[in-house]
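Next up is a structure, given as structure tokens.
We just call them A, B and C in the order they show up, numbering each chain from 1.
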Amino acid sequence: MAGAEKREVIYEVKNVSKRYGSVVALDGASLKLHAGEVIGLVGDNGAGKSTLVKVLSGAHEPDGGQIFLDGEERSWSSPREALDAGIETLYQDSGLAPHLTVSQNVFLGREKTVKGLLGKLGFLARKEMEHDAHADLERVGIAVPAANRPVAQLSGGQRQAVAIGRAVSWARKVIILDEPTNHLGARQAGEVLEVIKAAKKKGLGVIFISHTLPHVLEVTDRIVVLRLGRIVKDAPTSTFTGDTLVGTITGTIQTIKVEGD
Amino acid sequence: MANSKQATSAQTTSVAVADRLKGMLSNQSTILVGVMVLLVAVFGSIEPKFLSAATMNNVLTDWGSVVLLAVGQTLVVISGGIDLSVGAVVGLSGVISAWTMVNVLHLDSTATGSKATGGLLVGLLVSVAVGVSVGLLNAVLINKLKIVPFIATLSTMGAALGFSVIISSGMPIQGPANYELISAMDAKTNPFSWAILGSALVITIVGLFLHKSRFGLYTYAIGSNTFAARAAGISVEKHLTKVYALSGGLAGLAGMYVYLRLGAGSPSSGTGRELDAIAAVVIGGASLMGGIGRLWGTVLGALILFTVQSGLIMIGVAPDWKKVVVAILIAAAVAAQGLQKSNRRS
Amino acid sequence: MKRSFRTIAALGAVAALALTATGCASATPEKLTIAFVMGAESDPFFQAMKVGAEAEAAAQGVDLIWQGDPANYSAETQLPIVESVLAQQPDGLVLIPTDPVALQAVSDKAVAAGIAVANVDTHTNDLSKVVTFITGDNTDGGAKAADAIAKAIGYTAGKTYEVVIGLTSATATTNVDRQKGFEAAVAANYPGIQIKDVAYSESNPEKAATNVSNWLTKYPNLKGIFAIDGTNASGAAAALQAKNLVGKVALVGYDAYPANVQLIKDGVFTALIAQDPAAEARLAIKTLVAFLKDGTKPAQRDVVIPNFALTADSTDAEFAQYTYVATN
């Protein structure tokens, strides 16, 4: 963890809460992410991981708490604002539009238009985007299917690859990956881990959510454990073994809340 | 040996042909063009007068108004919604536009020349403005009050109908007319009219925006996966507002088209047209679940619908049977799509 | 026990009501109130009726309660409206029953409460307790349309003429009566007229225009069109004008919408068969008021007000009488 501590905190939430009706999905969670750091976010189903992701990505406004980017307090009223600030998110299961092609998905919300008046009217540079999407996905080390195929025609693994490729190729500060290795084979999951390492090397902050604990232990610098909407443990990855991590998640190992670092 | 080689090559060509046929069959517009050709052949062989410029004019004149509604409906359906208000908007926009020409501009059916033309242009603007307003109201109900599109547009449909009756006392309002815009350019040889060409131009422009521009892309994205669209930074509410406003505006345009056709604004002139529009969209291959649809399909769908309606009158099918035939046609179109999809999967 | 007591109480209340009602009518010279419950406000037919009702109520010095569903011509929506009108205890009720069976009970209830009831346009099955029933004659209107077409095409025996009829739906009773009257007159007087085709407009004038456009293509020798109501009349007129066939095909329409009346003058319509809903309303109110004041019953209970054929030769007074008036 020495490496990460020297770097500055780029993204931070303090005491955020979120409830859906009577369900308290997130209860006063605080988290600091440094540049070049990979945080593993783990917890049982329903612990509040995806909810925290949506707060971080601007998809949901929290009921309470603060968000800081580069030390400055921010609040996202839409995902657009978070995207524009350099925060990319891969959502669990629902990040792509199946009827759009690979390149349309990669460029969605950031399309390239043709030059001149038609461009001002929003006419798209389709060929250029197909070419660039292909190149971008390849650059981040993802085996890409044809960029002009509808996503609905891809396998589950290929779709996930496109979603990850999109997040990584656009991210400037932070990448949040909600269960990116779901539905993936061992080899493809390995590729994803390589992608995470490469992002870290570029100095991006990464939040990685997974139920595959060996992956979490392999690739993260720090692990944050959520239980029933609360952060019950926040410690360097090196302090966990597989067994202690499982115990912390399920609650068989007693925890005290860690106050930042 | 030579024989067996020949057999193999024959086999490969036949496989290639079968593949190509399969590819063609899986292309919605090829099917639609095929259906069109078949319909024309059948109707024409039963009633030779069907194969005439006059018949083409009859079909295209109907097509010209409903295709505007159907194109707007295509956008709405691709975005995952539905707009039931468009038929009532045809009546309301025609009535308000006629009312304006008569009571504000003081023009009546005897107006001619530049006075009439000027009046009709004002009428056109009013008509489109009325349509856009209803579209914006739909958007408010859907975005702000979170009413599902079916119910939201059903209620504006009722309101639009009510208003048009209140304004017109239920009767057509006669204003300046110009039948030259709506009549065939030449009854014997040229079935097009200025109004038909106007509709064709408008839908071409909308088609370009739907298939080539960011506007269209966002429409598909929202219908395909609203969450993904929002997550990609698209302002879904803002975009849907544009989509419903455009659908309303096109309905307003259709209102003016029908006004021109009748020489009067009539509150019931759009009765049932929302269903014709939805039928054209479905025949054209769009999915009511959103995310899927081509403008070209809708354009052909509307053409098929009116070819059938004219054809059935021309060959003398009893009017009670006409509805049945049209219903079968729509069911067949939807079934064909289902087959196609399962074909593609296998 | 309890139930029969309640029934007796209810009967008593009704009797008391009836007594007070008759008492009022004879003893005090108070203003009479006539309730008028029609079919559907949006229908121009009833709009015109309203004009006649309001004029006659003013002339007779009675209060008018004008009620009816805004758009739906149905018993389901009309029943509660009649009920709530009866609760206001009018002296007389002019009812346009949207269904002969469904409205019977409420009509009987009104009579039992001492309210004088008149039926206009349509009637309930049992007319015995009704003061008067006034209606237009749609069958006669259809016959008049046949006469007008025959005249316009210069009908001569021995020749054949092709004619079509534009309908709104298979079930509208006015459509059925007018079509019957037309066909009967053709069979009896103009055997050379061939009715080639019918089609439905589904209440949409553009669809009516579609039907006529296609007929004009299919029957190049078409001589006449009978457009059975206002919607079909508007659509047929539009189709003739778009195809440049004004004056070449005789067009007889129905319902004197101001826009269509104008088109008689322009030569598009050969004739428009007009009903006189305002006259029906006026007569109904007049008859009820006379009955309420001193028990005068009309000479005949059932009155048929004939339809009228408006043509370019009609007088201004006739145009003024029959043209439907918009109420705003």
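By definition in this document, a contact is a pair of C-beta atoms (placed from the backbone, for glycine too) under 8 Å apart; a residue touches a chain by one contact, two chains touch by 3 or more.
Predicted model, so just to flag it, every value in this text is computed and none were measured.
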Graph class of chain-chain contacts, one of line, ring, star, complete, other: line
From subunit B, the most remote chain by mean C-alpha position: A
Centre distance in Å when subunit B and subunit C are each reduced to the mean of their C-alpha atoms: 36
Averaged-CA centre spacing for the pair subunit C and subunit A, given as whole angstrom: 71
Where subunit A and subunit B are represented by their mean Cα positions, the distance between them in whole Å: 43
Residue list for subunit B, restricted to those that touch at least two other chains: none
For the subunit C and subunit B complex, residues of the former touching the latter: 41-44, 47, 70-71, 167, 170, 197-200, 202-207, 209-211, 213-218, 230-231, 234-235, 237-238, 241-244, 257-260, 262-263, 266, 324, 326-328
Subunit A-touching residues of subunit B, taken from the complex the two chains share: 208-209, 212-215, 217, 220-221, 223-225, 227-235, 291-292
Subunit B contact footprint on subunit A (complex, rising order): 57, 59, 78-80, 83-84, 89, 91, 94-100, 104-105, 108-111, 113, 121-124, 126
Touch list for subunit B against partner subunit C, complex: 47, 49, 52, 54-55, 57-58, 61-62, 65, 109, 161-162, 165-174, 177, 179, 182-183, 187, 258, 261-264, 266-273, 309-310, 313-314, 316, 319-320, 322
